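Note that chain A is present in both complexes that follow, paired respectively with chain B and with chain C.
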Partner chain A sequence: MTDVVTSPAVDLQQLSGGELLPSRVPGETRVVVPLVTLPRACQVIVDGVGARLATMVAQDERAETGSFTLAYTFAIPDRRWMTIECQVPADSPAFPSVTPLVPAAHWYEREARDMFGLEPEGHPDLRRLVMHDDWPAGVFPLRKDFDPSIPVPRVEADPYRFHTLHGDGIVEIPVGPFHAGVIEPGHFRFAAVGEVVLALEPRLFYTHRGIEKLIEGKSLDHGLQIAERICGVCSLSHAVTYCQAAEQILGIEAPPRAAVIRSIGLELERLYNHVGDAGNMCAGVGFMVGVAHGARLKDELQRLNEQFTGNRFLRGLSAIGGVRRDLDVEFAAQMSLELARIAREFGELTAMILGSETTMERMRRTGILPGDLARALGVVGVGARASGIDLDTRRDHPYAAYRDGETARRRDGKTARRPDGQNLPPSPAVGRGAGGEGYSAVGRGAGGEGHSAGGGEGFPVPTREEGDVAARLLVRIDEVAVSFALIQALIAEMPAGPLIAGWTPPTTDAAAFSATESPRGENLHWLRVNAQGTIERYRVRSASFPNWPAVAAAAPGNMVPDFPLINKSFELCYACLDR
Partner chain B sequence: MSTLHPLIPMLQSRQDEDASTLGQKFSDQVQRVLQRSMQIRHLDAGSCNGCDWEIQSLLCPAYDMQRLGLDIVASPRHADCLLVTGSVTRHLEIAAIRTWEAMPAPGIVIAVGACACGGGVLQGSYCTAGGVKNVLPVDISIPGCPPRPQALLHGLMLALDRIEQKLHHSNHEFRIGRSEA
Partner chain C sequence: MRVLRQSMRGRVGAHDYPLEPEAAPAAFRGQVQLDPNRCRGDAACARVCPSGAITVEETSTGWIWQLDDSRCVFCGLCADACANRAVSLSNAFELAVRQPDDMVTRAEFIRNEETD
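Our next item is the complex of A and B:
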């Protein structure tokens, strides 16, 4: 750990000009700043050390301290976290908006306004975000004095004002909330001239279920049942993130065997998502053979999930303190064989997709997300890596079996094989075979050269520079190879020992947060329990939260019919976002 | 017509040799009751997307419900039944009711998953209706979190029975009731 920390914690503190508070998780520098200097403190952290805004947590602490608190947490490139807090007085609930200086804060602050009634002064966009038009003004569901058992009436209100463009030949195309296929609900408003999109504005949060409020007052175990159901296809990632945050609070750690089983599960989750997504992206261009094969392989992976955990979405695997299911030698061997076969068949599928020039031509230069824009929005996951941002929570904030010391895994990660049998690092592989000059197989990072930060220097993080749909497909394909190799390596060296650590409900007020790399990118859960051992505040920042604005930013300049393809290439989730 | 593949590959592996006959029978029943395929509209009323992905997997080659004469359609106006997932969030309630109203009679409503059947883990939230039955008249409930594709197929079989019942026994009454609603 010490060798990767380039500067001691005090530097960050000095930089921010804040007063040091006790940190909540290892590697966190936590400071409190006066309200007026909040935006400036956030800006120096972002500009000074290249930090990424990872979450913002608002809290109603009026009963204890007489004020609300805001906590902006940043991911620092050298594997640390930085939290900048401030107090917002109860009698004038307003704060200077960070958004003009740090654009990634835009949705967080709008959400705090909807849910807590905290006014971000100077925020360029003060429309509702989470709560829709017919939610009465002055009712803030995450305030402690809001009683969820009293039904909130619908009110007449001005309809949401979409940004409109005026001019000759500009047409507005409204789509949603319900779409033609089996998709989640969300509204998209296009401004187009002919076929070309000029602007796209998404209106989301239709599936807002009030999960953060619902979970308050529940026990930690009960909370897990809910956290695991924030999202279907990232169930395990959410469950593990929640469990890790709870374990941090309880001061326990999952035993080594449980850590390995969690990682195997998390990689299985990535596999069935990425494999299915590679197929689904073909639907965006009408390449139905690819769709069918992707869906078939996805279903086979989900059956494997079911054999392993009893649930096709890996639900019920993770528990606070460890895991509920073991992976016995016999089944592990069977799984290993099955995965090797699926890896081979996925190789055939990718060769088919990459070899279809008409498919690849539609994907290349479509839906480009420029790297600097992705950085400004704090984008995570595949969307970030395909735009040249080298980030992966597994390496940057390692957890479960991704921690240092897993030497065999690291070694095997280095020699990860592509599903088509080529070694991962060499360059002229699949992409070029597809006739895509400029798409040499793996961007940088596959061999992990020069990564000072953690997770084992060898942890392969495929990145690409193009930022288009094709790049997002190729990053997924490369990550699939890494996951297959990781699982095989983890199965090969399963440590013996218990599956779960014991714990008793907490008796003091404590908070912690944790992050995992879901198939869609970093999921971050912030959890606080009170002295009664029940949940006081829970904040979920899923990968889709920072990434949705990026989808809207990548659409202009493309044809309207290419939007489904662009959307699928990001493959974001509405349920995770809306909560 | 060529013989159908086994309805459910996993059932077959459990030596349920009736699976393919079951598929054939179901497919014949669809023909008899509707004289065409059964058209399904999916409606996500605030799910976690687990249920929706299972509905999506009915279209994959392993289950391939289209071979049985079942298909997902793009508009409620073309639909015989509505597969509703999620506990019906506040922000989707009105759109869900409008979708149902746009369906032709008899308009079967199927609640898919624990959330849709009774609120699931979201019981007590300020932002959900606590289940589809509190918003729309539910005909069939398919429990599970999420229900497996096999359970969904079973639910669709029940839905077909329900359509048959409604068409034969309460056709007139139902249509009047619907237009007054």
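Our next item is the complex of A and C:
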């Protein structure tokens, strides 16, 4: 049942000093270490092979093994995964914190403390994270003995203690959780001197829906309906991630046609998000023409989504084993033409934004996220790529139609043809123009040629070095070009065949995880089913989870009124952070 | 730009919804509909419904099919599950009502022994 790549796996195992466990996830090395050596083992993996902490899953296994389990999963740059597990005894629910050695673990461990009552010893910040002040002490919602059907009486408690700065002329500015706009709730506590932000502390997790608890005991099919609704704007990414995790447990694979349809849907999701975001970033500088055009193009893309899947947010497309909707030739041709037109109009919009010197000047050198800080926090997605970190789950852990050079082959101008008979451009226009307008195009030659890491050979991953708001805008603009070209290429070469693979509910206890690149970055879902075929534990780590601390880190040194712009440039989600 | 030019020539780019009604595309998954002539009361829809929006209750003479729109998430699993193609998702999306009770659709069936 294990898919572990043998020879390189030994290295990681030796490095960590742990004992090898079986895994169902391709490329995963899974080890168990004694509790005391946990932080050291994690640090060795991070320092030794440049691993990034991708998720941490706590489990209540007291009924079976008499202990809790913690599993830290790392993404290894060469397309592998590494999971380090340890057992936390039920009678002394505490573990040595990994955070002092691997800072990216900070929120994961605070969450495990809130939800499971596991004490991270030596963690520098032991305030509550997910559960807010009025939640009673000693009640841990993800423990198995917590019954969600019984209402929990709320308590009076000391209010949350923000970190405060003291000194002459320092003012504290509280913003939120209610905002002057239709956005989600979040509190931002600024410390400023005059216009300049000295420190920012966000307080989030106001939208806790208890999804991970709710899904326990549900069938895989019903679980999908919940997973699909974790987030509005990354619905399909979450659905596909969940389906892939379930498929690994079931030992099935989506047929080739379904894989292509999933990828088309995922790129449509990236498009409507990135196009809308490029417009919305203009709101941060009051460039309303850009906002209006972005919103208009986003709506046109969402109408395409609706015609394709019956839902503007692409819900109901992915199913366990494949997809529920086909993409027929006629509609594909129509979609191809529509997308070509929208791509043209988006080009006009970006020319307008990049040509507006006042707009660009506000974005340049604003909200800089330094690359080393981004790395330390385990940042993913656009935020990472704009700070010089070359990562993209589509290339690094390929799935659906991004797998094994398939996309590179499809993107090859010689074979790919649009339904209207025109040849596609040989490679998407990446890394070109966008940086042209007087903006130093540092990047890494983001163009198609350079990158051949892993199997998604030639899969273009635009990156930039500046780490500022402008860089995040430019990365998005480049990614939009990649997505448009990718969809056209996928449409041109749709494999025939079935849409869905059959399956029967699992009859053994099994766990797996899967990752996809959502518009906001890597989503990782960890899923475990029991012998009754229902969900035992589900852990969702959306892209927003590692990225929110980066927003706070990018704010100091900027003007307070630039914060909305900085926040928009990361474009994170409150709901999928909290679940 | 197309829209800018268009509106400069005096034509408004946007639809005047709701004064001008807007139709949903054919693929749209809107309000659940039951074809009473096809329903045989086997309750496949109720079993797959993830949110408990559909219930089918056996009675001494037949069955009662009931849909609560306020619970429905428009996933379409009920339509996929129905072997008799009695359940479908229509294009209706304007589902606002004045009374919560109006969210519920109820259909009572009398079993016809001869055809069943």
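Just so it is clear, the second predicted complex is superposed on the first by the 527 of 579 C-alpha atoms of A that agree within 3 Å, B and C clash if a C-alpha of one lies under 4 Å from a C-alpha of the other, contacts with A are read in each partner's own complex, and residues count from 1 in each chain.
The rule is simple: a contact is a pair of C-beta atoms (placed from the backbone, for glycine too) under 8 Å apart; a residue touches a chain by one contact, two chains touch by 3 or more.
All figures in this text were calculated on a predicted structure; none of them were measured in a lab.
Peer 1: Would you check which partner chain A:Q307 touches, where first means chain B only, second means chain C only, and both and neither mean what they say?
Peer 2: second
Peer 1: Touch test for A:R296: chain B only (first), chain C only (second), both, or neither?
Peer 2: both
Peer 1: Once the shared chain is lined up, is A:W503 touching chain B (first), chain C (second), both, or neither of them?
Peer 2: Touch status of A:W503: no partner.
Peer 1: In the superposed arrangement, which partner chain does A:P177 touch: chain B (first), chain C (second), both, or neither?
Peer 2: A:P177 sits against chain B, while chain C stays out of touch.
Peer 1: Answer with first, second, both or neither: which of chain B and chain C does A:F162 touch in the superposed model?
Peer 2: In the superposition, A:F162 touches no partner, neither chain B nor chain C.
Peer 1: Quick one: is A:Y574 in contact with chain B, with chain C, with both, or with neither? Answer first, second, both or neither.
Peer 2: Touch status of A:Y574: first partner only.
Peer 1: Quick check on the superposed pair: does A:R325 touch chain B, chain C, both, or neither? Answer first, second, both or neither.
Peer 2: A:R325 contacts chain C only, not chain B.
Peer 1: Name the contact category of A:V233: first (chain B only), second (chain C only), both, or neither.
Peer 2: first
Peer 1: On chain A, which partner's contacts cover more residues, chain B's or chain C's?
Peer 2: When the residues of chain A touched by each partner are counted, B comes out ahead.
Peer 1: After the superposition on A, what does A:Q225 contact: first (chain B), second (chain C), both or neither?
Peer 2: The answer is both, since A:Q225 touches chain B and chain C.
Peer 1: Quick check on my understanding: which residues of chain A belong to both its chain B contact set and its chain C contact set?
Peer 2: Of chain A, residues 225-226, 229, 296, 303, 306, 315 contact chain B in one complex and chain C in the other.
Peer 1: Can you name the residues of chain A that touch chain C in the complex?
Peer 2: Contacts found on chain A: 218, 221-222, 225-226, 229, 293, 296, 303, 306-311, 315-316, 324-325, 345, 348.
Peer 1: Flag every residue of chain A that touches chain B in the complex, lowest number first.
Peer 2: Interface residues on chain A, with respect to chain B: 132, 135, 141, 146, 148-149, 151-152, 177-178, 180-185, 205-211, 213-214, 225-226, 229-233, 235, 292, 295-296, 298-300, 302-303, 306, 312-313, 315, 573-575.
Peer 1: Of all residues in chain C, which touch chain A in the complex?
Peer 2: 1-3, 13, 24-29, 48, 50-51, 73-77, 80, 89
Peer 1: Would you tell me which residues of chain B are touching chain A in their complex?
Peer 2: Its residues touching chain A are 10, 42-44, 46-57, 59-63, 72, 74-75, 86-87, 89-92, 95, 99, 120-122, 124-128, 145-146, 148.
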